[in-house]
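Below: a set of structures, written as structure tokens.
Paired with chain B in one complex and with chain C in the other, chain A is shared by the two complexes that follow.
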Partner chain A sequence: MNSMRQITRAAELQSLPLFRDFIKAACKGRADIDDQTCYDLQLAVDEACTNIITHGYAGMNPGSIILALELGRSQVVVNLTDFGHPFEPSRAPMPDVEAGLEDRPIGGFGLFFIYQTMDEIRYQTTEDGNCLTFIKLLSSSERA
Partner chain B sequence: MFQYLRVKRQIEKVVPDTGALTQEQLTQDPGIPITLRQINALPENAKKRVYRSLLPPELLGFYGIDPITWNGANGEPAVQMVAEAQTGSLKISVARQGEPEDPFICIELSDNSFNGIDLNLLLLNDPDSPSFHTEVDEAGRPTLFGTARRNLTEELRAMQAGLAPAQVRKSLGASRLVLQQLDVFFSILGHRAYFLEPLTYASAWVFERRGFAYVRGHKLMDDIHKEFQPGGKLNQALDCSTPFRMPEQWNTVRGRAWAIQDGILEVLDEKWDKFRMVKQVGRHAGVETFPGAVY
Partner chain C sequence: METSVKQQDQTTVVSITGSVDALTAGELTNLLLENIDSQHVRLVVDLGGVDFMSSAGLRAIMTSLKESRKHGGDLRLAAPQPGVEKILKMSGFTSILKSYSTLDQAVASFGS
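So, the complex of A and B:
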């Protein structure tokens, strides 16, 4: 049986700790979700929300971010919905991880982290909002 | 390592905004949304069949109105529908016998430029409650719900009677029922969401409770809540300078709403004009910008 939880907060940086705490609370009590997985989910949501806050709602009075978590037996599905300007992850440039420290621009690693830690990412923008979905397979199903 | 990155922009959902609905369109993918303009191009009775789903039968029945014919107990029409062909707007109003100019339910919808639909007006008045003429000023000019001009005398009477800004009568208490019905209507049309601009702080709060999120203004609602707390800028501006800015107003929805109607947001360099809300059909967003609020 999948368990669905949701939290909606304003798209502002002060909401990030609330989203992190929400994920932590959701993962707590699930023996099959280890600390590393929980941390990966927190990091991915943190980075994605930062993009929504700084780019998606840029130039407007910020609206909502809806974070929905679906904790299944074999995977965790994260849905982030916002109503700002669409921000397609595939269009963002990937950082050059081979470059020397002095040659790297500041920032740009958020999406890289998401891609590194999540198993599937989808982005959909329609007239009713933008929805970014991450799927994280739980380790037992990865082994299967 | 991620395995898939799928970016999908649903351009196939974009629908033409002209022409009538055809049988072909009705039989294609039911996920493709239908516009009001398309419905309005249908014959009158076909339009009525579709728009009938906007009004909760239970509510009409309570007032003795037939939910199928829309006639009152006397057999006379009680529901007026304005849905002109070549337009993307709809107005449905419900009035009691002999009071066509004083509807107690009014719903106005229009297509927007993003293939969505806006709820422009939702009026739910208790027809048996006393009325307050806040809709016109002392010179008889429309106040446009207090947004263009104000009738301070009537507003004060309305506030003292427990009404919120922009109300001319006590609420019908049917917003949950009507908004649930709107979800049904929009799902029939294939829309996953609809939008509105709340007229007042009190209406934004009601729409939050009914499951709406914010396209714009969520942070400002949080700021308003914060600044109404003791020591906050809005709290300090409740300085008795007008009857709408009394100190005790900080801790109720209506109290805050009247102070905002009176322009108190100027202390934050803001106005009540930056808000847009969205309801995702079948989903309650769970927004609560005034936790534990007293209405």
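So, the complex of A and C:
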């Protein structure tokens, strides 16, 4: 019962709500995908797209982002493809979520949220673009 | 995202409807900092109408929280919905600021 959906939008901040709406519409048809799982998927895609838009395409002509969703029986696979500068997410520092207000940096939570909400993350750069893949297990219990 | 501001008792309530993401967070930051600049340093951010918030929204809250406390005030949250509540907990924000389940509780927490 795998279902594949895909959209391509400009790599600009105005596209963020379009990607989220696309995910919401895809989840709506599946009774086994609850609201929190849908939010997690929207959050991970939103954070990744924000990074691509603000860093990946920095100094380049605006490009595009391809979002592909594969909704399977037991998992959702998200593929985000862009053609900007490569960015290896596993090399980014994670924020200290136990730091007090004074010691706490203002930002740095984007990638942290992706790692917290998704079950598997892969990144690959080829001549066909940069591909970030998330997997969300539908049977996984909430970890946060 | 839509916002409205009202004075309730000695507190400034900023109510937000819609999504707070990288597209809209700058507008929210500006609104909150303008209020702090105008000596409205006791702030309640009403999240009851927020259906989505990303790390950009947290950045707006963190920036304004630090600024309000620097001026002797505080920023408190009201009525976060489940998805927003989860990111507040994940990020540890619930340990550095006060969050209430209703707007009335958040306003009352400042006293008169």
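By definition in this document, the second predicted complex is superposed on the first by the 139 of 144 C-alpha atoms of A that agree within 3 Å, B and C clash if a C-alpha of one lies under 4 Å from a C-alpha of the other, contacts with A are read in each partner's own complex, and residues count from 1 in each chain.
In the analysis below, contacts are C-beta pairs under 8 Å (C-beta built on N, C-alpha and C of every residue); 3 or more make two chains touch, one makes a residue touch a chain.
This is a predicted model, so every value here is computed, not measured.
Q: Once the two structures are overlaid on chain A, check if chain B and chain C clash or fit side by side.
A: Chain B/chain C on chain A - fit side by side.
Q: Look at A:Phe83 in the shared chain and tell me whether it touches chain B only, chain C only, both, or neither; answer first, second, both or neither.
A: In the superposition, A:Phe83 contacts chain B only.
Q: Per the contact definition in the header, classify A:Leu13: touching chain B only (first), chain C only (second), both, or neither.
A: After superposition on chain A, A:Leu13 lies in contact with chain C alone.
Q: For A:Leu43 in the superposed arrangement: first (chain B), second (chain C), both or neither?
A: second
Q: Rounded to the nearest 10 degrees, how wide is the angle at the Cα centre of chain A between the Cα centres of chain B and chain C?
A: Approximately 130 degrees at the chain A centre.
Q: Give one of first, second, both or neither to describe whether A:Ile66 is in contact with chain B, with chain C, with both, or with none.
A: Only chain B; A:Ile66 stays clear of chain C.
Q: Is A:Asp21 touching anything from chain B or chain C once the two structures are fitted on A? First, second, both or neither.
A: neither
Q: So, does A:Phe113 touch the first partner chain B, the second partner chain C, both, or neither?
A: Only chain C; A:Phe113 stays clear of chain B.
Q: What is the contact status of A:Glu127 with respect to chain B (first) and chain C (second): first, second, both, or neither?
A: A:Glu127 sits against chain B, while chain C stays out of touch.
Q: So if I take every C-alpha atom in chain B and every one in chain C after superposing, what is the smallest distance between them in Å?
A: Once the two complexes are overlaid, chain B and chain C approach no closer than 11 Å between C-alpha atoms.
Q: On chain A, what residues does chain B touch that chain C touches as well?
A: Of chain A, residues 116 contact chain B in one complex and chain C in the other.
Q: Inside the complex, what are the residues of chain A that reach chain B?
A: Residue list for chain A touching chain B: 6-12, 60-64, 66, 81, 83, 86, 88-90, 114-129.
Q: Where on chain B does chain A make contact in their complex?
A: The touching residues are 1-10, 13, 33, 114-116, 191-193, 213-222, 274-276, 278, 280, 285-287.
Q: For the complex, which residues does chain C have touching chain A?
A: That would be residues 19, 21-23, 52, 54-56, 58-59, 62-63, 65-66, 69, 82-83, 86-87, 89-92, 95-97 of chain C.
Q: Could you pull out which chain A residues touch chain C in their complex?
A: Touch residues, chain A against chain C: 13-14, 16-17, 20, 35-36, 39, 42-43, 46-47, 50, 53-54, 95, 97-101, 104, 106-110, 112-113, 116, 142, 144.
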